[in-house]
Every structure is written in structure tokens, then in C-alpha cells.
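Once you scroll down, you'll see the structures, which are given as C-alpha cells.
Shared between the two complexes below is chain A, which has chain B as its partner in the first and chain C in the second.
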Partner chain A sequence: MKTLARQEWYGAMVAVLVLGILLSFASPYFLNTRNLSNILVQASVIALLAGGQTFVILTGGVDLAVGSLTALSGAVAGYMMVKLGIDPYMAILAAFAIGAAVGIFNGYLVAFVGIPSFIVTLGGLTLWRGLAFDATGGFDMSGLPDPFPFIGYGDLFGFLPMPIVIMATFYIVMSFVLSSTKLGRYVYAIGSNEMGARQVGINIRWYKLGVYVVSGLCCALAAIVLIGRMDSSSGKIAQMFELDAIAAVILGGTSLFGGRGSIIGSLLGAILITMIRNGMNLLEISQFKQMMAIGAVVIIAVWIDVIRRQRLLRK
Partner chain B sequence: MNFKHQACCVALTLIGMIPAAHAELTIAYITNGNTNEGWTLINGGAADAGKKAGVKFIQLAAERGELSKQLAIVEDMITRHVDAIAIAPVDSAGIAPAVNRALAAGIPVVAVDTGITGAKITSYVATDNIKAANVQGNWAVDQLKDGDKVVYVTGDQGQSTGQERKKGFIDALKAKRPNVKIVEVSTTWDQTQAQNGVEAALRSNRDIKLIACAWDGGALGAVAAMKGAGIKPGEIKLAGFDGSPGGLDMMKNGWQQANAAQMLAKIGQTGVETAIAAAKKQKVEARIDTGAFLVLPSNVDKFAKDSGVAQFMKVK
Partner chain C sequence: MRTPILKIRGLTKHYGGVKALTEANFSLAPGEHAAIVGDNGAGKSTFVRLITGAEQPNHGEISLDGEVVNFSSPLDARDQGVETVYQTLALAEDLDVPANIFLGREIVRFNLGPLSILNHKAMREESVSMLATTGVKIQDMSETLRGMSGGQRQCVAIARAAGFAKKLIILDEPTAALGIQETARVEEIIKGLKQRGVPLIIISHNLRQVFDLVDRIWVFRQGRIIASVLTATSNPEQIVGLITGAIDPEKLPGATDAIKDIALFH
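The block that comes next holds the complex of A and B.
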């Protein structure tokens, strides 16, 4: 068992706490239950995407298409419900089917054909966005049927916002998958030493394909929460969410080079990004400065990752 | 360098930006994140109104025009206990859940330029597109004889703005010139679509007298099409809509003969003034029309100067 300070997510936790304390002094509106629950609700979609992204990055890959895939799943689900009048649970199923299918497509090209994940998902970034607009005719679909309003802004037992419930459940399941299943353990093995993993007889192709399917399913789940929160859907939702999702994973201490990291760090990373935005909104700082702040924080986090890796290599 | 330092850096920056002491009322103006010239004018009008009224004026924008970011800002402004919100929605329907929460928290919400569907907002301040397009249509009436042929370049017909501008123009024109033939070029606010459509219309119709457009970008496309067809400025009359810098430039160059201009700065200004009035618990109108102005070559210079559009124009 690693000591607390040796955990990959330690830095993210310290950053969340320090930023939280500073914002409490900086704004009288920051530290109250309502705002804190707001931050968690606002972090939920990015946190769900970051969860899947963690699997991909742990294997040494990256999924740049998560924003577009979220839009595709969400737009198609919205279209089915609002324009075609299809049962919402069927639409949810369809969203997951799309997520899984695109995951299989990405995973096949990366693991079996051998195209770098960066290229496959960069193409996917515009491919799935285009399909999202095309499949739905570019329409905005608003007024989603039950259970979407409840998923988006309902409270479980009257006080627990549903996006938080979904995010928490998701992270408990994902932590379990990563720590206690074959997929989880092999993900680390493949990321830290792909050749070695192959030599000990791990069928790395199938497990690599698996992580893209996980990421695709996470996009579908994120889409369901997102369109619920907006009570509407269209092909233009979730623009550039991949950047926030990747940033959350990196801020959470997961190495871009694969093999090292944790799922809990990604949750903390998503919360950290959301806290920065929330704090800057409360302090009335313009969106341009917000974009600069988040970009700078991400560069610093990658910088730290590189230094960490160099130290590890020297040892 | 570690996370602690990084967090401290961010925090110190934040502390440096703590706002000054409280004014009586706090008004949040939340824009859609557009940074084009039209929105610069609208936002400038809003900021002026906030400054003049002596209220605490907060201006925030949806990063990259992303709806979920705007939702989060509205939620944060509810947390911030602002006294009123003026908002230019990224999406008319998508912003409704957050707006409803603000209204439920007792915060009046004024929609600026773009309406909100699915929420009983306090007021909606914008150009009345039908009336403004009537102005454009009535100008066309004076230019045409009954039976002439006209091209109309539409905006997105899946959207109220596009539908209203088309209806306003055609209704006004048909009322006085019932036998005018209208060749329609459909676009989704896309300049290239406008150019391609007008090119096709010019090829298949030799006797077009006038082209009217639902927005100035469409007029830019129409000018490109006319240039391509070897038509000289003014040979076919062109009516724009918006009063944008590009539109007025076309007028100065002789390509455009009329423009139904929106009062952009006034939209922002009236939006914020209405929000302030609502915050003071005064009664406000549910729909406020900021009007349109028919810009002609004779008054283009004065309009450009008075409206602030001149600063963005290329042709002085």
C-alpha cells in the first residue's frame, strides 16, 4: 500500500483543498452547500467522460472524439424521443448502443489495424460531429420526456441531485473495475509495458479494444446526463469536451505516457476544473481569462507529469 | 514546482481580482460568447447601461458559445444572489431549465436579442423581426413595378428569426405588389449557400430587378454571385438586413441600396436597463421592440457614426 502522499491523485486532492480554501476567502458565495452541490453537478458530465478517458490514457492512448461522440449519442437519443416519439428507455438504449459501436470501431482500428489512437479519434472528432448533425437534420430537440428532467435536475430522496448520484455510482463501479477485474489490471500492464504484457500472454488487442468501448459507453452516459440537464439536445452540444475530459485525467495525476494513474484522480481533476470556472464566475472574471487559466493549469500538470516520469526513469 | 504551488498561483491571481465594495443592486449580463462585431456592439450597449445606472454590473460569457457553460454561469449567478439577470441565450430552449431555476429563486430574467422558450421570463428585448422586415419590404415596393422578378435570400427556416424576416418582407411586398414573382434562395444563414443560390437564380432568370436578403452575410454572398455574373454595382438593387459593418461597407461601395438595420447597441442597452428596472421591482413590458432603421446611401454615414458601426467598417 502506497502512503497517501505517494498516490497519483494526492496532488489533485491538495489542489482541490487549497483552491477551495482560497475561494472561500475570496468570495462570500463560494462556501455553502448549494454552491458545493452546484460544482459537483456541473462537474458530472466531464467527470463521466474523464472516467472512460482514464482507461484509454492508462493504456497509453488518447480519445479525442469524446465530445463529438457525446453529441452523437445525445442528438440521436433526443431525435428519437422528440421527433419520432420513441420510448425514452429505448432512446437511452440506443445512446449506449451508439457509444459501444463507435468504441468498437475506434478500438478495432487502434488495436487490430494499428493506427495511432490520436489519428483515429482525431478523424472521429469531426466524423461523429458531422454524423450527429446529419442524422438529426441539424434540428434542436427540446422538451425531453421523463425520466430526462429527473436525470438532469431532479433530486433523489428530495435532496441528492441525480447527476451527483450517477457520477458517484459510476466512480464506485469504475474503481472496482480498475482495481479488481482482469480488464483493470491488464490496462495498467499494457500501458506500462506493452511488449511485456504481450509476452506474458495477455491478449492485448482485445483489452485495448475494450478500453475504447468503455470510453464510448461513458460518452453515452455523459450524453444522457447532459441532455437531461439542458432538457434539450442537438448536434452542437458538448463542443470541445474532450479537452476538459483529458485535462481532468491529467490533472488527476494519470500519466499521458500510460501505465500510471488512478480513476479517483480523474474525478478530482474534473472537480478542480469545475471549481476554477465556478470560482472565476463568482469573482466575475471573463471567459477569456477562464480559458487561459484552465489551459495554463493543464500545461503545468503535464509539465509535472514529465518531470515525475524523468525522475522515475533515472531511478 | 508541484500542485501546491500551482494552486497558490491560481489563487493569488484570483484574490487580485476580488471586486470592489458592494453597490446597491447587482445585475448579471450573460452573453452567448459570440465575439463578432454585432455582438461587440450589443455587449457595448449593455455595459454602458450598467455603468450609467450605477449598479454593480457583472458581465460573463459562455465559453466558446457552449450551452452547458452558459447553464453553469446562470447557476453560479443564482448562487451569487444577483438581483436580476439579462441573458443572450446560446440556445432558446436549452437554457430554459437554468432560467426557470433563477425565476424560482426570485431573480428576474430578461432575454436579450434571442428569446427563451419553455420559461416565463420577465421580458424579451430584441428587434421585432417582422416589423423590421416590413421596412425592408416597403422599400422594395417603391423600387418595383407589379410583375417584376425578385430574389429573396432566406435565413434558417427552422428558426423563428429566419421565418419572421421572410414573412415580414414578403407580406409587405405582396400587399402592394401582389403579382411580383419571388425566386427564393434557401439558406441556413450560410454565406456560401447564398452565393451558390443567387448564382443559380441569376443563371435561370435574366430579368431580376432586386435581391433582398434576410441578413447581411447573405447580401455578401449575393454580391459575390453578381460579380461572378459580370453584373455592375446597382444594376440589380440589393437590400440587406442587420446594418452590420460589412453591410454598410457594401452600401458605400455602391452594391447595396438599402439596409433594414437593427439597433444593436440599443438592444444591449435596453436589455440591461429592463433588467435593472425589474430588479427595482418596477413593472416592465413582456416584449420590448428596439426598432429598425432604414439605412439608405443618403443617411449611411450618419447612421454608421451614431450607431457605433463605423468603427468596424473598412470603407470610410
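The block that comes next holds the complex of A and C.
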């Protein structure tokens, strides 16, 4: 077994602990159950997006469209429920169908046509956002039917906030998929050595398509949690969430070059980003400075990744 | 005479006007180790691509263990028992040893397509025994390949090929990128395969190595197989002469016998 210090997510765990200790000294409000629970609830949407993003990044790709796709899934589901009066479970199904369809679209262009994922999803960033507004007429849809209030605010067994329950369940499942299924193994193999993976007979095109579908489905799940928490939906939701999701994955120790990383790291990364935001709010640091801080953290995380990669290659 | 494990007659591949390989005859006896030598552009790579299914010949016949075969792809060749270790090794550096050995043919607990559940324990145990049989020593099986030397990686790739090969193994320049000690390690592994009777074809530029390891050498020159000599009755100077054209194979006693035999009897 790899020792703890050599796990990719070790750095993220240390960062969460150190930042936690610093913040509990800096602010009297940080270290109480409600604030900690709040951090996890706030981290949930980013964590769900980061989970799918991890699969994509491990293959050596990137999905820049997750924020926009979350908006598309969420806006359409909201529109169906509020404006059209469609059954909420049908709307949830529709959200997942949209996530899967866009995933297939992205995956097809990346894996079968050969367009770099960066370009496909950069186009998608504005394409799906535009479609989200266009398809819903730009309306704000508020007052969502059951089970959305429960998904957003409900507590399981009276004390476990649903977003945390969903996030935890999701990470247990994804962690298993990544470590113990063919898909998970091939995700690493493709990210390590795509040519080699093809030579040993892995159908890399279908597996690459698969990771974009996973990411698309994660967007749909994130959208459901997000609109539940906001009790409303529109094309405006989840702006810039792709940045937080990618940052969470990179902060979690997953390499942007593919092949190396873990799903648990992405969860820690999502928590870390939320903690940074939460801490700066508690310390009354302005929104502008927060934007700068998050951007700087992302660059530093990638910087560390590049140095780490060069060390490994020198071996 | 026993049925050859691999027998090739009249194998030809032309790309337009370029005659990459013309009427190549070749045979490999059970348990035999053979080397393919020749200058760059002599047709070695084309020959290997044809017998591993990477390309299909214009005409000619490949028999594997007495049966005529047509490989539609490298995977097809692999499924029929021909394992190839490419120079690029086809290993995933970020995965551990058992994951690499079983890459693309994992043992699963439940077959659920892409979501098939892996049987880590079985693969690990099989890997340990495969490495032991091949004589490859790996200290930590759960270490990723990134931390290993080129020689160790080559050994893992050979152990994988040896573990799965039902008919024969093809090694493409296995020591080209290795240092002296690592080359020696890989050569030991290859000698072990000889003792176990695993048929093997090695492509190598290193004549010292070729004479050290194999029973028979097939010399390629200008898109043809021009000679087949036993290492026991030849020497490196002769082989160099054949490769460069300084020695006419027709005038070297016995050098073309095996090739002509294949052409005559089938």
C-alpha cells in the first residue's frame, strides 16, 4: 500500500487541516457545528461537479462547460415544473437526459472526431448557457415542488442535511467506480499512456466518450441539488462553477496531464475552496479580493502539479 | 520433423512501387528462439507488422501451429496466441504492476460491461506467479511503474507477454534503450523463456546479444529474407557480411537451405 504521505490527496488534506486551524483562531464563528455543516452543504454542488471533472481530467481532458451544463439541466427542469406543471420526477429525469446527451455530444467530438476537449467544452461553455436562457425564455422560476425543498433543505434522520448525504453517497459510489471497475482502471490507463492503452485492446474512444457522459450526469445531479437549495431556477445559475470544479480537482492532487489523481482529493479540494471562501467571508474580505485569491490558488495548485510532474519524469 | 509453431511462405507487402517485403519464407520450431536481423529498411518492421496483424500482406501464407491464419489486427493475433512486446511497451506508468499485467484483459467478479467489477485479489495473485515463472523480481507490487527503471518495465512487459502467450512471443528491440546491467537482466529473462520452451522471435541490432540468446538467425536484406543460419555454425562476421551484402548467401554453405525448404514443401 502507498503510505499516507504519498497519496495524491495528502496535500489537500493537510491544507484543509491547516486552514481549519488557522481559521478557528482567526474567527470565533468558524469552529462551530453549524458553520462546519454549512461549509459542507455549500461545497456539495462544486463537489458533485468536481467528481465528474475528475474522470475527465484523469484521461487528460478537461470539461469547461460544467457550469453551463448545470444551468441548462437546472433551468429546463425548473421550467418544466414551474411553467409547464410537469411532474418533478419527470423533470429530474429530463435533467439527467440533458446531462447525458450533452456528455455524448462532447465525448463524440473529443474521442471520435478528435477535437481537443478544451475547444469542445469552451464552445459548450457559451453554447449551453445560451441554450439555457433561450429554452426557458430567460425566466426566473421560483417555488419548486416537492421533493426539491427536501433535497435542498431537508435533513435525513432529522439531522443530516440532504446535500451532504447526496455528496457523501456520490463520493462513495464514484470512489468505488474509479478503483474497482474497468471504467475506472481504463480512465487511468488512457491518461497514463493513450497509445499503450489502445495497443492492449482497450476501446479508448468509447471509454473517453464515457467520461464526458459521467461528467454530464454529474452536472445534472449538481443542478438538482443547486436548484433545490435556491428554491428557484434560471439560466443564470452556476456561473463560473467550472472554475471552482476544476480548481477543486487540481487542488485535490489530480494532475492536469492525466493519469494521476484520486476522487477523494477532489472532495477535499471542493471543501478547501469552500473553506477559503467561507473564511474570507467571516474575515470580511471583499468579493473582489476573494476572486483574486481563488484565481491565485488555482494557479499555485497547477504550478505545484507541474513541478511534481517534472520530478516524476526525471526519475 | 515436428510441425513448426510458425511457418510463413511467400509473404509479400508492396506499398505502390515500394517493395517493403517480397516472398519471405520463415519458420520457427517449437521451443526455438530466433532473431531477425537486417539493416534499416531491410523489411524487418514490415515483416513484424504482418505477423502481428498490424498490417495485412498482399499475398503469402502464415501458419500458426499447423493452421493457416489471417490476423485482422494485433488484438486478433494476440487472441490467437501471438504476444508482442513493442518498443513502446504499452504500459500505463501510473498504474501498478498487476494492473499493467492484466491491462485490457482484467479478471472480473461481475461482468457489467464498462462497469465490470475487478477482482483485485485474483489479478494480484496471478501476477505474482507470472512474475515468478518468468524470473522477474519486483519488490513492491503496488508501486506504480513510474518509479521503476526502464529495465524493470521491460521485464514487466515481457512477463506479461510470457504469461499470456499461447503460441509465441515477439520482442521488438527489447534492450535498445537499456544500460548494460539492465540489458543483462532482460537477457536472463529471455534465457529463462528458452529453458521453459516458449518460442520467441527477437528483433535486435545487437549481434553479440543475438549470438548469446538465439538458436537461429534470419537475415533480411532489401525487402527479402536472404539467409537463415544457426548461431552454432556461424559467427558475427558472417552475419554482418550477409546484412551488408558483402557475402553472397548462395555461396555460404547451408545459408539458404531453410528458406528453400519452406518454398518447396508445404
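By definition in this document, the second predicted complex is superposed on the first by the 315 of 315 C-alpha atoms of A that agree within 3 Å, B and C clash if a C-alpha of one lies under 4 Å from a C-alpha of the other, contacts with A are read in each partner's own complex, and residues count from 1 in each chain.
In this section, contacts are C-beta pairs under 8 Å (C-beta built on N, C-alpha and C of every residue); 3 or more make two chains touch, one makes a residue touch a chain.
All values reported here derive from a predicted model rather than from experimental measurement.
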item: Touched partner set for A:Gly130, first chain B, second chain C, both or neither; value: neither
item: Chain B or chain C, by number of chain A residues touched; value: B
item: Touching partner for A:Gly295 - first (chain B), second (chain C), both, neither; value: neither
item: Partner chain in contact with A:Asn193 - chain B first, chain C second, else both or neither; value: second
item: Partner chain(s) touched by A:Ala26 [first = chain B, second = chain C, both, neither]; value: first
item: Which of chain B and chain C A:Pro145 touches, first, second, both or neither; value: neither
item: Parts of chain B lying in touch with chain A, wherever the complex brings them together; value: 1-4, 6-8, 10-11, 13-15, 17-19, 33, 58-69, 71-73, 75-77, 79-81, 91-97, 101, 117-118, 158, 188
item: Touch list for chain C against partner chain A, complex; value: 74-75, 78, 86, 88-95, 99, 103-106, 108, 112-118, 120, 142, 146-147
item: Of all residues in chain A, those that touch chain B in their complex; value: 11-12, 14-15, 18-19, 22-23, 25-27, 29, 32, 34-35, 38, 41-42, 45, 138-140, 142-143, 149, 152-153, 226, 229-232, 234, 236-240, 274, 276-287, 290-291, 293, 297, 300-301, 303-304, 307
item: Interface residues, chain A side, partner chain C - complex; value: 1-2, 177, 180-183, 185-186, 188-189, 191-193, 195-197, 199-202, 206-207, 210, 259-260, 312, 315
